[in-house]
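There's a structure below that I have some questions on.
Chain IDs A, B, C and D follow the sequence of writing; residue 1 opens each chain.
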């Protein structure tokens, strides 16, 4: 199941304060650079005082030459319009580390989609606070670093991870990683760390959520994938989904149902991130899917 | 769209502590009473120490004679097995009052399904703290009582409502009724009052939930229907569902999307309640749908 | 539940063969006309040889002046680029007739959303081959024309309908209208007639689909809304959805479940059409929702 | 993610013509055999002339003794009531072969759930008409038999497969196996072969379904899991589901979306089959999930 890859394709994401003429000036710039636009999505929160978001996917004929030139031109434009922007080309895959603890379902879903060329990413390493998944990860040729964490060693452990990641990784996928990252760590990868956690209607915040959901007879089990910020589990939402359950499900079976929603939601969020389909603004995402 | 109604049909709901032989003794009793079982659903939380729940739907050949006899027999049996039970026959429709404030979508969905014979219920009255929906409700031949409520008159208002309901109503559907019922009122209709409210993943508890959900870019808008208990919005869940939304939806459009999920979830919960498909145990429902 | 209406807002839909620079030239034109773009969605089937589709929603400050000027400019541009285009402004609501037979669920869903200002449309008339729904339709102040149809009078009946519609109606919603329209009739409203019908996985083509779906134990009941073409039920799909069912549902209950999916899918399709979110190309739609 | 397994648990499935007293007589029999019922689901198509279906899950205290005795008693009862019945106990896992061609997504989903103890099955072998997946299957310790098939050797190939399966396998999962099985082969495993295939609303029967679905702009991509009968892809449906897509999806991406629905629907169907939750009657299933 191999997705056709167009090696001439680039993706441009832009956020800036709304101002008349942005679309014009950007599309003119792309035209001058002979970019053939394939997708062009734009969103404005308010035409007078709002924010402007744009995603453009385009082909570049002479990729290497055009890409560098385009970066330069965008750099100039960005200053005039106070733009946040990012440009990425399919020639260089994003590099994403996976952090995991003991549960393997989210990890394996990513590895699976990566292996079958659905997820066009490089996975330079898996980092875990447990040794359990070393063998299976290495069997796919991915380096596995076991960095144990205790209350006392937490800071050093994070430091060690940062050294491993340095210059080798653009993003991090927390595949049911059961440790809380420090603000310092998070600040090294702003809007580049994706987390997954169970979700219910209503939320069952705190310990034993599945047991409490069971005791209230919930009819839907869900999962939310979001970017990690300093507010635990409160970062910008990327993707969510639910699965129907009923009173016949034991707590154990609710957890299994939850794990299936989690891996699907997580893999979709990671894939949108990798394909540059997500713009973060404040505590919110704009997903051009 | 008229559902076939079998006027010989009765429904029996039973909850009791688990004990060997309950199924046997109940099915033998039904056999002796010449009941033809159509649906027989049973659930046990734990075969040794758990609770036992059962729903049986059956035809009675000579309905009026059999029904009275059956009630008597069940009464005897219930004592021996510490059973909570209820028996209801299609000949006597459940009577349900609807409470409403100003928003009409949940009210109209119930009236619509009742009008088209999908919801086999009697609606003896609609009670509201506002006069706005009087005309439309009365156009369907349903009496509408406007009982204004202020902070000072709340107790009297509830008293007045109770007098209107007394002996005329079995259940109450809160169709976006924006007043909190007192424990005294709720105790008059235990497990017979159904409420609907918006739900999100995660929950946005407190004021302006839609605005806050918008600001976090939620991807799903949901609704939860539940029985009313003294813990506000924390009663046993009957039904839940969600609808996909995206960043293009304004707060106003999220509310519209929410209203469509609410009326569907609410109508399904009410219909399961009316058809005796729900058993409440503690803060949980067993729904035999 | 009133959606905020921006009376200065216009919507532009464009389809044309792909050619470099279209986005530039259109966005420049909008900029010159002082249009503030709110949504800008574009889709290209293939950047070299494909088709180009675009939907732009924008505010116009001095609406009446700008609108006329814009129309003129677009007319000129369209010739240079072989564009199909349509421009519509919120000041003038689309006018949509509803055709219905005896079943009222899709009709009532549209009237309901129209009444609550969710569906910003004018409904100049309802036309039916049966008299059954006259009273309820007229109670909303909408004219109801009963045009009986027999095998012999079919042609005259269509002619009569055409005369009633002439100059008064832009689009037609077939709300479970059980008559097949002639190619001549359809050609008067190209891509402007929306139909709804039940759908199953797999399809049960032919008579008694619900009975056959029941006999094969389908687990999902669906509905498809599409534009009407000369190929019966084979026109471009606008919206689809499904609802989960199980073996406990009788054929009658499957039909009721189907009716709920139908009214939701139909109302969404009509609403997207009314809001100019749909471009038809060949037998396919591009929906910018 | 290990589901709690109760080694004392047995499951009884019964189908027979409706007759008063069946529930009584079966529940009495279970009581005499000291079975503690955990789930008891029953369904009757028509209380007078219909079919009766029942699934009972229960604990047996002294499993080995009780199980044999129960089988004997059921054998007697079955004759009196013309029952089809099956009894299975958790002590003996079902044995299921997997047939596969080149695509691995459905195969891997089953292996994954089996590996993580979600799917309580034995997989004695994988059989394929291609050698491609040999290595990955054998890495899980599962024997892989490559039986090439040409038009000429089809009959011998089936014969060879039957010999491998003989006495070793109860059921077969066709995990995207692209060969049509002969009626003779199917008759060796009646209602024991599960197939998965893509499904659309409406169906796109014949070649290139994804391309045709793309060309009509379908909004949902689905999958259907069913038992294999001599009518190709027309057997009793076990499970179905859909996933929302839009015009931005290429044909290749529709196929990827389809593969995710397929593996989920297939794994659920297989798991219900393994847990004896499915009764087949005619061309229909009753699923007690």
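Note that in this section contacts are C-beta pairs under 8 Å (C-beta built on N, C-alpha and C of every residue); 3 or more make two chains touch, one makes a residue touch a chain.
To keep track of the chains, here are their UniProt names: A, B, C, D = Formyltetrahydrofolate deformylase.
Everything numeric here is computed off the predicted structure, so don't read it as measured data.
Trainee: Shared touching chains for chain B and chain C?
Mentor: A, D
Trainee: Farthest from chain A in C-alpha centre terms, which chain would that be?
Mentor: Looking at centroid distances, B is the chain farthest away.
Trainee: What whole-number Å value describes the gap between the mean CA coordinates of chain A and chain D?
Mentor: Roughly 36 Å separates the two chain centres.
Trainee: With chain centres taken as the means of their Cα atoms, state the distance from chain A to chain B in Å.
Mentor: Chain A and chain B have C-alpha centres separated by 41 Å.
Trainee: Can you list the residues of chain C that touch 2 or more other chains?
Mentor: Within chain C, residues 39, 43, 246, 248, 289 contact more than one other chain.
Trainee: Could you list, by residue number, the parts of chain B that touch chain C in their complex?
Mentor: Those in contact with chain C are residues 1, 3-4, 39, 103-105, 108, 112, 116, 118, 139, 246, 248, 250, 252-253, 255-256, 259-260, 264, 289.
Trainee: Contact residues on chain D for chain C in the complex?
Mentor: Result: residues 43, 199-203, 205, 214-220, 222, 224, 233-234, 236-242, 246-248, 282-287, 289 of chain D touch chain C.
Trainee: Flag every residue of chain A that touches chain C in the complex, lowest number first.
Mentor: My answer: residues 20-21, 23-24, 27-28, 30-31, 34, 36-44, 47-48, 54, 58-59, 244.
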